[in-house]
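Below is one structure, written out as structure tokens; comments come after it.
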Amino acid sequence: MKEQKPDKGWKNKVHEIIYEADTPLGKGFDILLFILIIISVLLVMLESVKWIDAEYHKILFILEWIVTVLFTIEYIARIVSIKQPKQYIFSFYGIIDLLSTIPLYLSYIFAGSQVLLAIRSLRLLRVFRILKLVRFLGEASQLKNALKASRAKITVFLFAVLILSVILGTVMYLIEGDEAGFTSIPTSIYWTIVTLTTVGYGDIAPITPQGQFIATLIMLVGYGVIAVPTGIVTVEFGKRSKSQQPSGENNFVHVNTQACRNCAKEGHRDDASHCYNCGSEL
Amino acid sequence: MKEQKPDKGWKNKVHEIIYEADTPLGKGFDILLFILIIISVLLVMLESVKWIDAEYHKILFILEWIVTVLFTIEYIARIVSIKQPKQYIFSFYGIIDLLSTIPLYLSYIFAGSQVLLAIRSLRLLRVFRILKLVRFLGEASQLKNALKASRAKITVFLFAVLILSVILGTVMYLIEGDEAGFTSIPTSIYWTIVTLTTVGYGDIAPITPQGQFIATLIMLVGYGVIAVPTGIVTVEFGKRSKSQQPSGENNFVHVNTQACRNCAKEGHRDDASHCYNCGSEL
Amino acid sequence: MKEQKPDKGWKNKVHEIIYEADTPLGKGFDILLFILIIISVLLVMLESVKWIDAEYHKILFILEWIVTVLFTIEYIARIVSIKQPKQYIFSFYGIIDLLSTIPLYLSYIFAGSQVLLAIRSLRLLRVFRILKLVRFLGEASQLKNALKASRAKITVFLFAVLILSVILGTVMYLIEGDEAGFTSIPTSIYWTIVTLTTVGYGDIAPITPQGQFIATLIMLVGYGVIAVPTGIVTVEFGKRSKSQQPSGENNFVHVNTQACRNCAKEGHRDDASHCYNCGSEL
Amino acid sequence: MKEQKPDKGWKNKVHEIIYEADTPLGKGFDILLFILIIISVLLVMLESVKWIDAEYHKILFILEWIVTVLFTIEYIARIVSIKQPKQYIFSFYGIIDLLSTIPLYLSYIFAGSQVLLAIRSLRLLRVFRILKLVRFLGEASQLKNALKASRAKITVFLFAVLILSVILGTVMYLIEGDEAGFTSIPTSIYWTIVTLTTVGYGDIAPITPQGQFIATLIMLVGYGVIAVPTGIVTVEFGKRSKSQQPSGENNFVHVNTQACRNCAKEGHRDDASHCYNCGSEL
């Protein structure tokens, strides 16, 4: 249905493939990108394992270059196919894309900048966009809305937990002291959170009877207090689940992954003819 | 009510005893099998404890042979009494049954294949079938349905947790490094999941202040985020519990443990006269 | 309202004081007993701490004797004041009371039988009876009913967790082996439960990549699966809480702590004139 | 609306700034105080870290004095601007304020009394009052009410957990003994709570098979029993959430942070003209 000027045809074509997922080519590109990102993250992981890096350094290095070149092509294609490149370049994903691509080039200028390759794992976040392709979208957004609604309550809760941790951590520092591992108040607060969240590494553990007594109280508090965020989120889910059954779908329309060629915003209604953000024709 | 040809009588009889649990003999067989499986698993356990194996090796060895022979008889009986033996042989339980029986024989050909006896613990899964005998059936299927309904939401949740773990694990690898035990990115991701799920072994623990700070964040996230699956499952249970009270049983019919003599499928309606899977008469 | 024969007066009096809690004397006795039990448990605790026992052995020994004599008097009084002493002697509390009293006497016959004093901590269970005095009674019985109602579901759940633990423990034993601490299948199952319940001591921890991978799966399962019992109990509480608001109290009558002089059963209706168990007059 | 005698003008002004938060100046003061408290707590933390204290002792010492002087001024201002100073001096916050201010002065008389500076972390509790400024107020009080309503049930629950811990701790002491770290019954109870709450340090861990078996039971109990407080709190939240939607606000009136000039009580109704505590005019 879209009318495109002939001379800009290839740019629109590229834009449709890269930024959208409604055409078969667009879907294919997204899936390919997904696989490429996973491979690139696996590469970084394998390189970090010493014996693998020692044995297969050459193969990993070549694969690394292939991934980097493909990422570079994708990055350039994203820039040229959009009307306002700055919108993409300075967006969250634009910066991550750049940082995931550039370290290998930089390693020829600054030794050791390969370490930055690890930033690439952030590209995994793009997976959430690709997920939109599948039926999980509805589930994810439902979860997100419920969590958003209980945000204020959970903030108050976390705040109270933090203040409690500071106070109890200070008390434990005064009681236990150096030989048990409570070497400073920050370390002591770290231990308190380790205990309160029932993680319990055991690298630091109280040894005096008084310290063990207070530790016991902290554990019981942590054990019981977990009920609070659980209660909050459960009630929120329950509300959402109920309201949706009769006619809750009324407030939702189906949106697609088509991105505006002008400002790159996604999530337009299926029947939209103009971008809801910048108003340019879709 | 079933009309059986006289010459196939003993096969039908064996089939009824082994595959079904509606007759007294069938129930008796299931309970006997249950006890035999538990004994066989206990045997494997005891053999793995060094001092017990050293002292009672002979007794354990004899008992092992008795169990193996009984399992062999059961396996052959299962094959001969079913019309389409392949249906059983290549089913999930068929393969487990074979793998639980064969290692002792194999140990005379390949030394050390006794290790495979441990596969036998998988036969414990048959317990769930035997459980159908008792009143817990309704409870179990209710649990199963509720978990099935919340599967999609929990998948999204687990997916988000995994991506978060990869990103945070990579960050911790960059911050902490070798001396704290974060020797590679995979190890670091392992540590992140140990922390996020509040297990906290303590074999690896951050030692730098920055690392401890991020560890604290991971713990608090893990502590709070447990609320999400709990909320999902609770709401699902709640729905089921409510809808069942008035007339929720309408969509459910009572099924029995009778198995089709042709294809071994279970779970036929009480009033069924043909197998719902292959159509052969029951 | 009760008519008592003059010659049995003191027995009835003692019975009322010891077994009931509706008169001021009865309440006083229960509170005194409560304090005495707590002191006796504290004594056992203090004796187990080496340096306290070394320093204050004499005082602790004297106090121990005072407590034992008082317990002996109470035990005899309980026997003589009840019509059918066997009912008390062979009841759960009767046996605990005897076992809590006798060790000190036995220590003169069998050296070391003082260790049995620790059984005394079981007398703390009597606290639940004394608790009936206070307003928490209603809360406790509500909790108990909700837990009772979800018993079947929780049994199924625990059963599934146990089978899973046996299977996963066996797998980990095959993968990890001795040097990581997985010395036998039982030990390996112990580790699996330590991990699944997110306790995570760290005395045993996987060291191979495959082992760590499976450990990760176990943790995620344990982290997510906690949702199941929580969901079950929450829904059960919710039902109870709702049904009670309009007229749920109809099915409840107020019971008191008066005990039948014949069979020692408690929990009679306020307006009862005969024991609901043995029918003898109250 | 308030009529103030001219000669007491500055006292009222100071009172309004310090004790209330409805005027711009009052809000500003509260925010400033909030920042000052955070700085003072950070100072104590930094001083406890050995290498920071060694390097920057002088700067920290000067900042400490600045904070102490500002706290002193605030403390005096709070006393002079209130009609009944005793009401403030002997209130919870009054005592904390004094204890947070005085240690530095005392350190010139008694060496080492600087340790008391750590008490200052308790001033963080004042944050909850300052929080009232923001929209979280409603959320916090909702949480508080729900927790208050489930207090009785949670007390019963904690009580049962404690008694269970004493009994199981005693049993583990008898089974495991010294070499596994169960050196006394109190230590053993400490371990039981560490296990029951799924914290699991691993500083003490059972080594005998029987001990590990009972430890397994404790873990499963702890893992399942967390459902109880969660269920209680969730149901309570659910009730509150439902009742509030239609007209639940009827029982609530809006209160402000204005404090009575006479007795320092806060939380007066917006339309109040007299203190609800002492009756003096506002």
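Labels A, B, C and D are assigned to the chains in the order they are written; within every chain, residues are numbered from 1.
Please note the rule applied: a residue touches a chain if its C-beta (ideal position, glycine included) is under 8 Å from a C-beta of that chain, and two chains touch if they have at least 3 such contacts.
Values in this document were obtained by computation on a predicted structure and should not be read as measured data.
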Which chain lies the greatest distance away from chain B when centres are computed from Cα atoms alone?
D
Which chain pair shares more contacting C-beta pairs: B-D, or A-D?
A-D
Distance from chain D to chain A - Cα centre to Cα centre, in angstrom
34
Centre to centre, by mean C-alpha position, how many angstrom separate chain B and chain D?
47
Can you list the chain C residues in contact with two or more other chains?
157, 186, 198-202, 222, 226, 230, 232, 234, 238
Residue numbers on chain A that touch chain B, as the complex places them
41, 44-45, 48-50, 115, 118, 121-122, 124-125, 127-128, 131, 135-136, 139-140, 142-143, 146-147, 154, 157-158, 161, 186-187, 190, 193-194, 196-203, 222, 226, 229-230, 232-234, 236-238, 241
The chain A residues in contact with chain D across the complex are 152-153, 155-157, 159, 163, 166-167, 170-171, 173-174, 183-186, 189, 195, 198-202, 205, 209, 212-213, 215-216, 219-220, 222-224, 226-228, 230-232, 234-235, 238-239
Footprint of chain A on chain C - complex, ascending:
198-202, 230, 234
